[in-house]
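In the two complexes that follow, chain A is the common piece, with chain B as its partner first and chain C second.
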Partner chain A sequence: MDPAEVEFLAEKEIVKIIPNFSLDKIYLIGGDLGPFNPGLPVQVPVWLALNLKQRQKCRILPPQWMDVDKLEEVREMERKEDSFTPPPSPYYMELTKLLLNHASDNIPKADEIRTLVKDIWDTRIAKLRLSADSFISQQEAHAKLDNLTLMEINTTRSFLLGSLNCMFKLRSNMQPGTSAGKAPDY
Partner chain B sequence: MSDALSEDGSEQNDSQEDVMTPVELIAKLEEAWLNEKFSPDLLENKSEVVECVMEQLNHMEDNLQRVSKGDMKASVHRMEIDRIRFVLSSYLRSRLQKIEKFFPHVLEKEKSRADGDPSYLSPEEYAFAREYLANTETYLKAIALRHMPPNLQAVDMMKAVPEPCLDSFVFLRVKERQDNIMVEPETDDQREYVVDLDVGSQHLMRYRTIAPLVSTGAVQLI
Partner chain C sequence: MDSQSYLPVPPGVGMEENFLSLDDILLSHERLPSRTECLFPRLGYLEKSTDSQDIQEGTKMELPLWLAKGLYERKRRVVSIELPKVYREGWRTVFNADPTVVDLHKMGPYYYGLGSQMLHFDSPENPEIAQALLQTFIGRFRRTMDSSQNAYNEDTSALVDRLDTLERGLFKMGQRGLNSFQGWEKGKASHLTASALVLNYRKRKMTDLQA
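Now for the complex of A and B:
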C-alpha cells in the first residue's frame, strides 16, 4: 500500500474547525455535516478541514492528543517500555504531518510537536525492526501487534511479508511432497 | 438548490433486500477494498455493494449538474464523490490485476462452484477472464507453439500459471471474537498451537488459516 493511501484513510478522521462562513447542513453520502456558523466549532473530516483551511475559510483546532505535555509523556513511556504503548492516535503520524504542514499557525508550539512526534515515531520503528528481526529468526508463525498504527505496519509491510513468503517457499521446497503439482510463484 | 442536494443525499437505498444506509454502504466498500488489496487470492465478488455505490455516485453527479457551479456545497460534494470514486476504482483494479495474474485458476474456481454459492466474478469480470484466456492461448500459439513439434504444441494453463499462494502472511484486525484459531508451525520442531482472537486486536499470520473469516467479515485485512 502507498503511504499516500494510508494518508487517504487517515483523512477520514474527525477534527474540530471554526468556520468563518455560514452554510446549512450538508448531507454527504458518508454522513451529515454542519450546519456551519461563523465562530462556532463544528466537527468535519480532515480532508474537508484541510480544503477549507487552504481556501482560508476556517481555523483548525488541534486534536486533544496534539499537546506538548501529553506527547512528552507518551515519548517517555515509549522509551521506557520494551513493547509498544498505545499510540496517541491510530493515525498520529499522518495527522501530524497534514495538520502541521497546512495549519501550523493554528497549532501552538508546532515545532516542538513535530520533534516530539518524530521521536515517538523513531522509537517505535526501532522497536518494530527489533521485533521483526526476532520474528524471522525464531521462525514464529503468529504475532500480536495491537498497538501498531497502520503507517508503521505499512512501512515494513512489503519487506517483512515478502521475506516471510520467500522463506516459506524455500522451506516448503526443501520438504519433499508438500506442494505436489503446484508451480511455485517466482 | 439546497433541497435538491439535501433530499437526495439523505435518501435510503432500499432497492436491495437488506437496507443499508449510505454510511454503511461506504464503510462496506472500504472494507472490501482493503480486503481485496491485501489478500493473496481473489475474494468473493461484492457486486451489490459496487452497484449501490455506482447508483449513489450517479445520483449525486446528476444533482450536481443541475446546481450552479462555484457553489460551496457543490465543491464539498464533488470532493466526496472523487474520494469514493477513487476507492471504487482501486477496488475494481485490484480485482482485475488478480484476475489477470491467476486467470486459469479463477475460471476453474468459478466453473466448479456449486449453484448456491456466491460467485467470485461479476458477469463482466467473467467475460474479461475468458477473453484473456483465449487471447493468451492465441498469442502463445501464434508466437511459439506452432513452431514446436506437433506433440509439444499443447500448453496446460493451470500448470503454466502459478496458483495464488494462500500461505502468504497477512496483517489483520479482528472484528468479531474468534476462539481456537489453529496456528501451524513453521519448522518441524515446533508444535501447532491455538490462539484466541480478541475484538480490536491486530495480528500477523498466514492467510490460509483465516481465509474463511475474511469472507464472513469477522476479520479485516490491514
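Now for the complex of A and C:
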C-alpha cells in the first residue's frame, strides 16, 4: 500500500469548518452534507474542507486533539509507557500533514504542533521496531499490537513480512520430515 | 504504485527450490567439494588434473550444486558431498559467538540458500546446520532492520557489503518502505515528473524531419 493511499483513506475523517457562502443541503452517496450558512460551523469530510479552503470559501477549525497542551500530554504518556497508547486520532499523521500544509493560517502554533506530532511518530516507530525485534529474536508465533495507526503499519509491513517469511523458510529446515518432493530412492 | 506487470519469482522455501526463480538458479551454481564413489567411464575430459579417459573412484572434484543434487543417492553411492567449510563446526562456533561481524557476502553470497540445500545431503550434522542458519539470521536481523530503516538518501554500499543475498532483499524492502514514506511526507505524490522513457526517447520534431 502506498502512503498516498493511506492519505486518501484519511481524507474521510470529519472536520469542522466555517463557510463564507451559503448552500442548501447536498445529498451525496456517502451521506448528507448539511446546509452551509456563512459564519455557522458545519461538519464536513476533510477532502471537501481542503477543496473549499483552496478556493478560499471557508475557514478550517483545528480538530479537538490538535492542541499543543494535549499533544504534549500524549507525547509524555507515549514516552513513559512500553506499550502503545491510543493515538490522538487514527489518522493523526496524515491529518497533521494535510491540515498544516493547506490551512496553517487557521491553526494556532502550527510549527510546534508539527514538531510534537513528529516526536510522537518517532517514539511510536521506535517502539514498533523494538517489538518487531523481540518478536523475531524470541521466535514467537503471533503478537498482538493495539493502538497502531494504518500509516505506522504501512511503513513496516513489507519489511516485517519479508523477514517473517525468511524465518519461516529457515525454520522449515528443522523439520525435514514435512518437506515434500524429496528425490525418490530407486 | 506497487503493482508491476512482471512479478519476479521469489526463491523457494527452505529445502525446496523454485524452478523459475533466478535467485535459485544462480544459487545452484555454487560449487561443492565432493568425492566420487564410483567410476565415471569416458568422462575423463571433465577432470583436467588427470589425463585418463575415465574419472577414477575416489577423485576429489568440485561439483556445482545442480549436478551434485542430481547425482546424489543415499543407497547407490555415486558421489559423496563434503560440507563447505562455512557450515562446519569451526565456523558454526564463530556464528554462535557473534553473528553480526561476519562478512556473509564473502562466505558465498547465498549463505542461507546454500545452507538450506545442503540439508538434502543427509549429513549427520544436519540439525546443527539448520539451527546455526536460524540463529545467524536472528542475530543479524536487528542490524539489517536498523540500517535499512535509518539510511535515507545516502550511499548504502558500505552497509550492504557484508549482507548475504537474502538479507539484501530484505534491506531493499525496508529501504523502499522508508523512501516511499519520506517521499509522501515531502509531497512527492502530487508533484508531476516527466517519465524517464520520454526523457530518454527524445522525440524528433516534425520540423527536423521536414528540413
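Note that the second predicted complex is superposed on the first by the 176 of 186 C-alpha atoms of A that agree within 3 Å, B and C clash if a C-alpha of one lies under 4 Å from a C-alpha of the other, contacts with A are read in each partner's own complex, and residues count from 1 in each chain.
The working rule: a residue touches a chain if its C-beta (ideal position, glycine included) is under 8 Å from a C-beta of that chain, and two chains touch if they have at least 3 such contacts.
It should be emphasised that the depicted structure is a prediction, and the values quoted were computed from it without experimental measurement.
Applying the stated contact rule after C-alpha superposition, one finds that A:173 touches chain C and leaves chain B untouched.
Of the two partner chains placed around the shared chain by superposition, chain C is the only one that A:159 touches, whereas chain B remains out of contact. In the superposition on chain A, A:1 contacts both chain B and chain C. In the superposed pair of complexes, A:148 makes contact with chain B only, with no contact to chain C.
In the superposed model, A:139 makes contact with both chain B and chain C.
Touch criterion met: A:32 reaches chain B, while chain C stays clear of it. When both complexes are overlaid on chain A, the residue A:47 reaches chain B alone and has no touch with chain C.
Shared interface residues of chain A (contacting chain B in one complex, chain C in the other): 1, 139, 157, 168-169, 171-172, 181-183, 185-186. The residues of chain B lying in touch with chain A in their complex are 2, 5-6, 9-10, 22-23, 25-26, 30, 37-38, 56-57, 60, 72-73, 76-77, 79-81, 83-84, 86, 90, 159-165, 167-171, 183-187, 190, 195, 200-206, 222. Within the complex formed with chain C, the residues of chain A that make contact are 1-4, 7, 97, 101, 129, 132-133, 136-137, 139, 151, 154-159, 162-163, 166-174, 176, 179-183, 185-186. Chain contact summary for the complex, chain C toward chain A: residues 1-2, 13-16, 69, 72-76, 112, 115-116, 119-120, 126-127, 130-131, 133-134, 137-138, 141-142, 144-146, 148-149, 166, 169-170, 173-174, 176-178, 180-181, 183-185, 187, 189.
Chain contact summary for the complex, chain A toward chain B: residues 1, 5, 8-9, 21, 23-33, 47-48, 51, 135, 139-146, 148, 150, 153, 157, 160-161, 164-165, 168-169, 171-172, 181-186.
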